[in-house]
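The structures considered in this document are given below.
There are two complexes below, and they share chain A, which is joined by chain B in the first and by chain C in the second.
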Partner chain A sequence: MPTLKVNGRKVTVAEDVYLLEACRAAGVEVPTLCNFDGLEPWGGCRLCVVDMSLAKWDDDWFKMVTACNHPVEEGMTVITDSERVLATRRVVLDLLLARCPETPLIQRLAREHGIEETSYELNPEPTDCILCGLCTRVCDHIGVSAIASTDRGWGREIAPPFNEPPPDCIGCLACAEICPTDHIKFTTSNSCRTIWGREFEMLRDPKTGEAVITKAQAEHFAARSGVPMTYFETSDRSKRLEVAKTVERLRVVKS
Partner chain B sequence: MRIESKDQFAAFQAQAREREAGRKKRVLVCCGTGCLATGAREVAEAFAYEIAERGLDVEIGLGVKSTGCHGFCERGPLVVFQPEGLLYTKVQAKRVPEIVEKTILGGEIIPGLLYKNPADNERIPAYEEIPFYKNQVRVAMRNIGRIDPTDLTDAVAHDAYAGLAKALFEMTPDEVLDEVETSGQRGRGGAGFYTARKWRSCKAAPGDRRFVLCNGDEGDPGAFKDRSIMEGDPHSVLEGMIIGAYALGAHDGYIYVRDEYPLAVVNLQAAIVEARKAGLLGENILGSGFDFDIRISRGGGAFVCGESSALMRSLAGKTGEPRAKYVHSTEKGLFDLPTVLNNVETWAGIGAIIHHGGAWFASMGTARSKGTKAFSLVGKVKNTGLIELPMGTTLRHIIYDIGGGVLKDRPFKAVQTGGPSGGCIPENLLDLPVDYERLTEAGSMMGSGGMIVMDDRTCMVDVARYFLAFLTEESCGKCVPCREGLKQMLGIFDALVEGRGRQGDIERIETLAAGMQLGSLCELGKSAPNPVLSTLKYFRSEYEAHIADRACPAGICRDLTAFEIMDDCDGCHVCFKACPTNAIEGTIKELHVIHHDLCISCGACLDVCPTDSIRTFPKIELAVREVV
Partner chain C sequence: MAEQPCVDLSKTEAILGSYPHEEPSLIQVLQDVHRAYNYLPCDVLVRVAEVLEVPLAKVFSVSTFYKAFSLEPQGDTIIKVCTGTACHIRGAGQLVEELERKLGIGAGETTEDLKFTVKTVNCVGACAMAPVMIVGEKYWGGAKPARMSRYLAEGGSDEN
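Showing the complex of A and B:
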C-alpha cells in the first residue's frame, strides 16, 4: 500500500486508486466537476489539477496532473494549492462562468476561487451544460448509450442521435440525476414520464398504485438480469410493507 | 514469386539491380499529388504513347517511369531524363512529341523547359545542380522520385528491404534495438521522443501481444511529407514497420492514413499486396520464421485524430478523442495492449538505419538531434516544396540557399515552424541551427517540419489569429481549457484585428495562455498558445500598436488600415484595374488617387504597383484628417 504526502500530510492508500482518493484520505478537498465515484475517470473538466512529484524526481520538480485519473505511487508528493494550480483552476472556472453565467454551481465555485465576474466574453446563449460528460458516460455505463456528445470543439453538445427523441432511451433518469447542474429536464407523473423528447409509460405498483419505473427500464433490466418484470414494478414502500407483514406473521407464530 | 530464404532474397536483389542497370534510358515523370493536379498522368501517358509508337523501347531501350513526388511541386509536372539527369519543369502533354524528337532523339535541350534559378535567372539543366536539390540529404525520402512506387522490383533494386534482410538474418531483435539506439533517431511526428526508448518501453511491458502502428494522419494544414513518402515509397514504411515488429516481437501492424489521401492508400495497399506475395510480409517472412502483417485503416478526418491516444481510440472503432493518459501507450495502447506508434517519416528511416548502421545516421545532425529531417518549405519563398536536410542546418541556409530567398526579394520578417501549434521565429534568429531543442528554446517547435516563410507584409497578430482559428475548429471539445479557452482567445484576437482591442488584453491573453498550457488534457490544447506566445515574445510592439494606436503596423488588418498613393506614382493605371471596388481614380500617366469611402483595404493595389508608390497608414488618421 503506497504512502504519499498530500500538502505535507502523510496518507497510505490502496494500490489501485487515483490521487483524488489519496487527497480525500488526507482530508484535503480537491474540486471536481466531471468525476463521479463508480464511473471511470474522464479528465475533461481539468478542475482537479494538482502538482505532483515522483519520489525519483528532483525535490523541486513538479508536474501538473489531474487528480481524478492519475494513479497513486509510493513516495509521491502532492500539492493541491500551489500558485499555478490555483491559477489554472481560476482560468477553468473563469471560462466556465463565461459559458454558464447563470448556473448556481459554477457561480459558487467561481466565487470560492475569487471570481465574481468572468474576465471573458459572456456566452450570448447561456446554458447550464458544462459538458462534463457525466450523462453520456452513465448512460454508456448502464449499457444503453442513448445519448452522446456530438460535434467537436466549441460546437460540442450532448444530444440524442440526429437530435431526435432517442430510440434507445429507457427513461431511467440516470443522466438527469447525475447532472451536476440539473441541466437535463424531465417530468414524471403517475402515468407518464418525459425526457429527451420522449414519453414513457410508467409501471405502477399493483398494491399501492404508485408509479415506480418506466416500462422500458423494467424491460431493459429484466432482459439483462433475468429477474422477472414483477420485481421491478414493486415499489420500495410495497417491499417494506411486505417485510413488515412477514415480521408481524413471525411474531404471531412465535407467541 | 515467394522468397523463402536469405539466399533467395540476395538473388532477387541481384536480379532487380541487373534489370535496373540494363535500363539506362528512362523518362521519370513525377506523379505525386501535386504534379498529378497539373497533368502529370497525361504527360506520362504521352511519353508512353510516343515511345511505343516509335518503337523506342526496343530500339534504344527507353522506358517511362511514374515516380513519387520530387518535392518541387510548384514547378510541376516535373520530368527527369536518365542517364543525363536533365530536369524539365512545367511539362505539358502536348509538348511531349517535341521533347521526344528534340531532346531524346536529337540530344538537344529545350531551354524554355529548364528550371530557372530565381536568384540569378540562370537556367540549370542538371537536376543535381539545382540548389533546391543540391543541398539536400535524403534518408527517409531516399527513393522518392527515383523509383516507381508500384514496382517492388524497382524498389529492391534501390536497396528496399536490404535492411530487413540484414535484421532478420544477421541480427537478433535486441541488436536491432541497439542499432536504432545508436542512431539516436527521434520521432518525426512532433514530440521528438527517442525511437529506441519508446520501443524498449513497449518491449518491457508485460503481455505477449503487442502492436506496431504508423501515424499517417498528417493533419497539419499545408504539410505533405508523410503523404509524399506513403505515395512515393510505400515500401520504406512497410520495411521500417516489419523491422520494428521484429525488434519488438509484434505480429500485427496498422497504418492509419488520413482519409484525404486516396493515392497514399492505393499505393500502400498495392505495396502490401506485393510484399505479401513476395514473402516480405505475412507468415514466415523471407523464410525466417517471423510473422507480421499490416493493415490499413482510414482516418477519422480530424486533426486531433493524429494525437496518439485519439488515434488508437479511432483505430479501435471509437470516437477519435484524446484520453488522459498517465499510463503510456507503450504499455496500454491499442485495445489496452502494449503499442508502439511512430510517424511515417520515422518508420521510413528505419530500413536505412539498419542497412547503413546507426552510426552512419548519427554522424549527421546535432548533439541531440541526429540524422536528417523532412521539411515542407512554403509561404513567401521563391522555391517552395518538400526537402530533407541534416538536423542543425540553419534557417538561413534553408530559406536563402534552398528556398532561394524571400519572394520578390521583399524583407524577411519571420518563419513559422512546427505546424499550427508551432511558433514564429524572427529575423535575428535566422542563424539558428534547426533541431528539436533550439526550436523549442526559441518558442516554436519541430512539429512535423512545416516551415512558412513570411515577409514584411505580414501582421503577426493576424498570423496568430489564423492559427487560433484553425485550432478552434479542430479542438475536440472534451476539456474546458482548450474548448472554451480557444474560443475566448480567438474572440480577443478578433477584437484586436478589428480595432476593438482594450487595455489589458495582452495580460488577459497571457493568463489564458498559461491556463491552457498547464490545464489542457492533450498536446493540442497545451501547445495551442504557442503561435500567440511566440508572436507576443518577438513582436509585442505590434500587439501594442493594435490596442493603443488602433493601428496595424504591417498594414494588413483591414479594419485598421487605409491606403494612399504617393506622389511618385507614374500613372501606369495597373492599380486602377486591380481594385475590386473601383476605389481608384486616375488617367494614364497622371497621379492616381484612392477614395477612402470606397476602399475596402484589400491591398490588391499595393501588391501590383510596380513603383512601390502606394503606402498604408492607420485608418484612424482618416478621422483626424476629416476634422482638420
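Showing the complex of A and C:
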C-alpha cells in the first residue's frame, strides 16, 4: 500500500485509488465539480488540480495534475494549496462564473476563491449547466444513455437526441439528482412524472397508493435484475409497515 | 419520425451491410451515409443506432459534434468561401455578398431548389491564392465576384 505526503501529512492508501482519495484520507479538502463517488472520474472541470511530485524527481519539481483521476504512487508528494494551484482554480471558477453568472453553487465557490465578479465577458445567455458530464455519465452507468452532449464549442449542451423527448429515457431522475446545479428540471405527482419533455406513468404502491417510481424505470430494472416488478412498487412506508408487523409477530412469539 | 421514413432507407441498409455491427463502425457509417444523402436524415440515424446497437443519444452526439456532418438537407453543390485572415483581407466578404445576390442565400444556407449550399470556412491552407473559393470539388484562387457565374457553372456537383 503506497504512502504519500499530502500537504506535509503522511497517509497510506490502497493501491488502486486516485489522488483525491489520498487527499481526503489526509483530511485535506480539494474542491471538485465533475467527480462523483461510484462513477469513473472524468477530469473535465479541472477544479481539483493539485501539485504533485514523484519520489524520483528533484525535490522542487512539481507537476500540476487533476486529483480526481491521477493514480497514487509510492512516495508521492502532493501539495493542494500552492500559489499556482490556487491561481489555476481561480481561472476555472472565473470562467465558470462568466458562463453561469446566476448559478448559486458557482457564485459560492468563486467567492470562496476570492472572486466576486468574473473578469471575462458575461455569457449573454446565462445557463446553470457547467457541462460537468455527470448527468450523461450516470445515465450511461445505469445502461440507459438517453441524453448526451451535443454540438461543440460555444454551442455544446446536454440534450436528448434531436432535442425531442428521449425515447430511451426511463424517467428515473438520476440525471436531475446528480446535477450539481439543479439545471435539469422535472415534476413528479402521484400519477405522473415529467422530465426532458416526456411524461411517465408512476407505479403506485397497491396498499398505500403512493407513487414509487415510474413504470418504465421498474420495467428497466426488473428486466436487467430479474427482480419481480412487485418489488419496485412497494413504497418505503409500505416496507416499514411490513417490518412493524413482523416485529409485532416476533414479540408475540417471544412472550 | 422513426415510423415513417421520408427517405429511401435501402442506401442505409447497404452501407450498414458493409461494416461490422459495433460501435467503432459509427463514424465510418455516418461518413458513408452523409456521402449518400448529402446530409444525415433523422430516420437514418435512428436506423444506424438500432443496427450498430449504439444509443441514439450517442449517435446524435457524434452527428452534431463534427462540422463535416449536416443534419439538414444540403445542396447538390457545396460552395465554401474561405474567410480566413488572408482571404478576408483580399475580399472574401465581397464573394459572400455576390453569392447572396446571385443565389439569394447567405452563409450556412441552402437554395430552395437544393442546388447550392453556401458555407464560410476559416483558412483552407492556400493563403497565397487568396481569396479562395471552393465550388464542389473545384478550387478557385484569386476569386473575383465578377466571375461568379463561371465559378457556379463550372464547379460541378459535390461528392462531399
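Points to keep in mind about this one:
In this section, the second predicted complex is superposed on the first by the 255 of 255 C-alpha atoms of A that agree within 3 Å, B and C clash if a C-alpha of one lies under 4 Å from a C-alpha of the other, contacts with A are read in each partner's own complex, and residues count from 1 in each chain.
Heads up, the rule we're going with is that a residue touches a chain if its C-beta (ideal position, glycine included) is under 8 Å from a C-beta of that chain, and two chains touch if they have at least 3 such contacts.
Here the structure is a predicted model, which is why all the values come from computation and not from measurement.
Judged by the touch definition given at the top, the superposed model places A:Leu95 against chain B, while chain C stays out of reach.
A simple residue count on chain A separates chain B from chain C, and the partner touching more is B. Contacts of A:Ser145 after superposition: chain C is touched, whereas chain B is not reached.
When the shared chain is aligned, no partner comes close enough to touch A:Tyr231: not chain B, not chain C.
Looking at chain A, you'll find residues 149, 151-152 touch chain B in one structure and chain C in the other. Listed in rising order, the residues of chain B touching chain A in the complex are 302, 304, 323-324, 326-327, 472-481, 483-488, 491, 508, 511-512, 514-516, 518-521. The touching residues of chain A, counted against chain C in their complex, run 136, 139, 144-152, 159-162, 164, 166-168. Interface residues of chain A facing chain B in the complex, by the touch rule stated above, are 41-47, 49, 64-66, 69-71, 84, 87-88, 90-92, 95-96, 98-99, 119-121, 130-131, 133, 149, 151-156.
Chain C meets chain A in the complex at residues 1-2, 42, 45, 55-61, 64-65.
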